[in-house]
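What follows is a set of notes on a single structure, which appears directly below.
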Amino acid sequence: MTSESDCAVSGTAPATRTHSWRRRIVRRGLAATAVGLVLASVLAACGTKSSSSGGTVTLHVQTLTGPQAQDMQVMAQAYEASHPNVKIQIDALADVASKMPNVAVLNGSNPPDVGFVQYDGGAYAAELANNKLTPLTDIWQSNNLAKHYGPSVTKQYTVNGSQYAVLWDTVYIAPMYYNVDAFAKAGITVTNHRITLPQFYDAVSKLKANGYQGLGVGGNTSYHLGHLVDMLLQTAATPAQYDSLLTNWQGSVPATVKYTDPAFVNTLQTLKDFQSNGVFQSGMLSQDYTQAEALFAAGKLGMFMGGTWTPSELNGSLKVPFKYDYILPPTLNPAQTTKFEGVATDAFVLPLKSKHPTQAKDFLKFVGSAQGQTAVAKGGLLPIFADLPASDLTTIGPVVSSILQDVKTNGSAGLWDSLVPNTIGQPFGVPKYQALLSGQSSVQQVASEFQTELDKLRAG
Amino acid sequence: MLRTHLRRRLLVIGALPAVAGIALLVAYPVVRTVYLSLTSWDGASAPKFIGTTNFRDITGQGGDLWATVLRTIRFSLVATIGVMVIGTLLAAALSAGIPGARFFRVVWFLPMVVPVSVSGVYWVNAFQPTTGLSNYLLGKVGLGTTHAWLADPHAALYVTSFVWVWISTGFAMIIMLGAMNGVPVEIYEAAEMDGCSVLRRFFSITLPVVRPTLATVALLEIIFTFNGFTLIWAMTQGGPGTSTQILPVEVYRQAFINGNYGAASAQAVVGGVLLLLVSVVMTRFIRSSSGSGRARAGLFRRRANRSALAAGQGIT
Amino acid sequence: MSATLSTAEPAAAAVMATKTRPSRNHRRSVWWWLGFLLLVVWTIGTIFPVLSIFLLSVRGTQDVYNHPLGFSGALQWGNYSEAWNGAPGGTAFYHYLINSVVSVVAAMLIAIVLGTVTSYALVRNTSPGKTPLLLRVFVIALVFPLVVLVIPIFGLLDQAALLNSPAAIGVVYGVLACPTVVLITYSAFLEFPEELIDAGNLDGLSEWGVFLRLVLPLNRGPIAACLVLTMIFVWGEAQLGIIALQQAQSKTLAVGLLGLQGQYFTNQGVLFSGLALATLPILVVYLIMQKFIVRGLALGGALR
């Protein structure tokens, strides 16, 4: 290179040679630029290459990372076995990504074939408001989903007489899993999986005396503190008050309960007391669900609050070396019994711009069938079908089985922060609880902020 | 000759592709953001023009724009001052020819190379109570192991600023070093013969000469911190509460998590205007001080500060 | 290479030179040693976290929690294969790696081609007033924080059906890195001896012939600096990526790592293996190319 350019500069090269040489360079330069551009566009094309080749169709199906994704693998294998010309490509989303950020993806020009939305994240409502989903009413009818799902879930997902989602699993929140060895060592006994507030504080101090931290919660996770508030609210309020809070955001429902009433204020105060009494693991506000869970699995915490999906993590990738069982968060009114709160929040939808709507619909039909639901159980999660034979549920493990039994005996409640609209539900609430616990806000302040939003909603 | 002249005039066409790129990916987005700030938009339907409502909402009661802006400025100032002070001292040390300078230079730039999300995740773990490095070390010297740095709303912003300083100091150091090495050795020799101490030489020769560069680097750091999304998101996602919610994090939250693109754009516009103002003021300062520096020391050499100024020139 | 240096920016060359400062020959005081000690402390502070990522990457959870320095505990090389294959139900790491490489290559191509052509045009053109004007455009482009740009860029990518495309993100980063490349190479090209260009012209080379034949090869140093700086910037950037790369298999390392805490790894060591895998490639490139970075930054480089 250098010698050639020296040669050019010195001007000794014959004119003709220089001429062709110059052309060669220009050509080479052009070629290099062209190659560059082609390369860049090929690379760009790679990212968006068509998903069908030959006779096989690749369906892009969204799901959550973690146990849901594992579960989906089982489901996909079951489906592919009977549909050899379809390949399921799982797009696993983190929790936050599956909520509002996913609205942009589902509405975008290149959405997945089957989308995943969490009802309590607000994405379902946002999608519907913009008419971006294909109605799945025909699947509901052919598979008789209304019967399998039950009336409350059916009501939740029916908009103007149509349904736009096929559900997957049921989630019960929020058992506090405890380290059986730690409880034994600290001399804590639990009856009937329930605990009162004084007993709870006592248990925490005993755990601490024995070298364990108290309750693990992912303070930095978008839903976790919300689940705790929900469970406390359930017995801070009377059942009638709790039910009223689920519906009174509608202007037509009489506003008998306010967020500035003792029920909600006491709930917030209890949350605050947990913090000041050192109930949580230290650094709770800066840790997410998985960090807290990893601490529990490593034997540092006495308790960890989770859901029915948690055991498949604990037994699965975390491989906890100790026995664990569950209690429900403390009951604030001893006259009441704390119940599990059930949500059918994990929903599959069919974006309008799905590239393979027919195949996607067929897959969703499978998800909403007894066969698909058995696959859900096989993957370790709780199927949404309440009427599967017990023989199909052997895979869910002893702890989740006893939770199911608990729900059968004591019934379940609705999840308040997932059933009220977004502007007052989980996405609104959790940052408020974080502000409360980090000292940036007070109990009264948070309560009145909730009430302000409620008034806005009621006014329409 | 005339043809050559014309040809060279036409050369400016070569700048067109880049200018087109900038127009598409900088100019258009800026205009579009300003437009979106005047609309209500959920990211799905068509934006609805609503005038200045967004601005009234974010500045009014319940809107936390000013808190966010103040927080961003605090983060930016703490980080920038840390970076500038340490970066300048390190550059001075290298420029003074300490033993092992080459090695030090390579190592001190290292944190800048590590991907920001890696640094963020590493330091989050290092600052965890009981299991993290910081408390482990504090425990070793008897200061307790339970400090929950990142869960403490008063400490979290400073912890993230500290990590920023850790990351970005190497960058400031390298540029300052370039400016310092541009100062002719003879000046120092003369000063030393006059009996000036090291400190005296640093304050009365080095600093005045590199002042324009110093201001330029400070400006760049301020711009960088306004882009500090990745670090904050990796470390705290704005928490606990809102205590580390700087402007880009708030915009991301508003837009992509809450689906409130109009309000998010309004916040972005405020941030952009703020940064533009800071840039204009600091550029004025850079220009005037490079002028006075030349007059005062009488040793301004074209190349001494030109390089760093290249980044600052023309912002008016 | 040394020839390149002399034609480039002398201030940059000065950075590289080991200058003999007068103070060096003096007897070292207590203060000198104290200052030096502080520098050593800072050095440990910068090098240790990087080292510790690698040490912790081969430990189990208990060891990570109990010995956060990373020096004690059993070796678990399996962490790497677990990180490489991804958490169960998560994304395999090699997806991230490939995507990062794709976006970095696209960004470097765009930034260098557009940037150098522009600088050369700015240096050589004789259109009155155009160069200062255009330079100003590039400097102003540098001032707008990404936060002002992300929402519309997201929209543009969506309209072009380029969401979830690491290459497209790379192209965007390339254009955004362009002003920096222009500022660096403009300084360098300005120093390029005009006689050399004239000689090339006399020899029958066109302006662009001179550019390709003389200016580019003789400015390898600053160009390498631009390439490495672009690489560092794109390798670590996530603000745009987190928005535009939503599909798990389309994420780059920087974006994927932000979600790493949220994945379900058997042990904490795997998390650090992930960090180590993300750091290693860029670290190697830096150690090989570090002198170009120093030179490039001294030329006035600054990336978003």
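Read from first to last, the chains carry the letters A, B and C; within each, the first residue is number 1.
Here is the rule we use: a contact is a pair of C-beta atoms (placed from the backbone, for glycine too) under 8 Å apart; a residue touches a chain by one contact, two chains touch by 3 or more.
Bear in mind the structure is a predicted one, so any value in this text is a computation, not a measurement.
Taken as a graph of touching chains, this assembly is complete, with every chain in contact with every other. More C-beta pairs in contact connect the chains of B-C than those of the other pair, out of B-C and A-C.
With each centre defined as the average position of its C-alpha atoms, the distance from chain A to chain C rounds to 35 Å. Centroids built from CA atoms put chain C at 16 Å from chain B. Shared interface positions of chain A, defined as residues touching 2 or more other chains, are 101, 104, 291, 295, 300. The residues of chain B that reach two or more other chains are 124, 130-131, 256, listed in rising order.
Residues of chain C in contact with two or more other chains: 65, 110, 208, 243, 261, 268.
Of all residues in chain C, those touching chain B in their complex are 9-12, 14-15, 17-24, 35-36, 39, 42-43, 45-47, 49-50, 52-53, 64-69, 110, 114-115, 117-118, 120-122, 124-127, 130-132, 134-153, 155-156, 172, 175-176, 178-179, 182-184, 186-187, 201, 207-208, 232, 235-239, 242-243, 253-255, 257-258, 260-261, 268, 271-272, 275, 278-279, 282-283, 286-287, 290, 293-294, 297-302, 304. Listing the residues of chain B that touch chain A in their complex gives 42-45, 62, 124, 127-131, 146, 148-153, 156, 236-237, 239-243, 256-259. Considering their complex, residues 3, 61-62, 65, 87-91, 102, 105-106, 109-110, 113, 154, 158-168, 170-171, 196, 199-200, 202-206, 208-209, 212-214, 217-218, 243, 246-250, 259, 261-268 of chain C touch chain A. Within the complex, the chain B residues that touch chain C are 4-5, 7-15, 17-19, 21-22, 24-30, 32-33, 36, 86, 90, 93, 95-98, 101-102, 104-126, 130-133, 136, 166, 170-171, 174-175, 177-179, 181-182, 185, 188-189, 192, 198, 220, 223-224, 226-227, 229-230, 233-234, 247-248, 251-252, 255-256, 261, 264-265, 268-269, 271-272, 275-276, 279, 303-304, 306-316. Listing the residues of chain A that touch chain B in their complex gives 96, 99-101, 103-104, 107, 122, 126-127, 129-130, 132, 213, 219-220, 282-287, 291, 295, 300, 427, 431, 434-441, 452.
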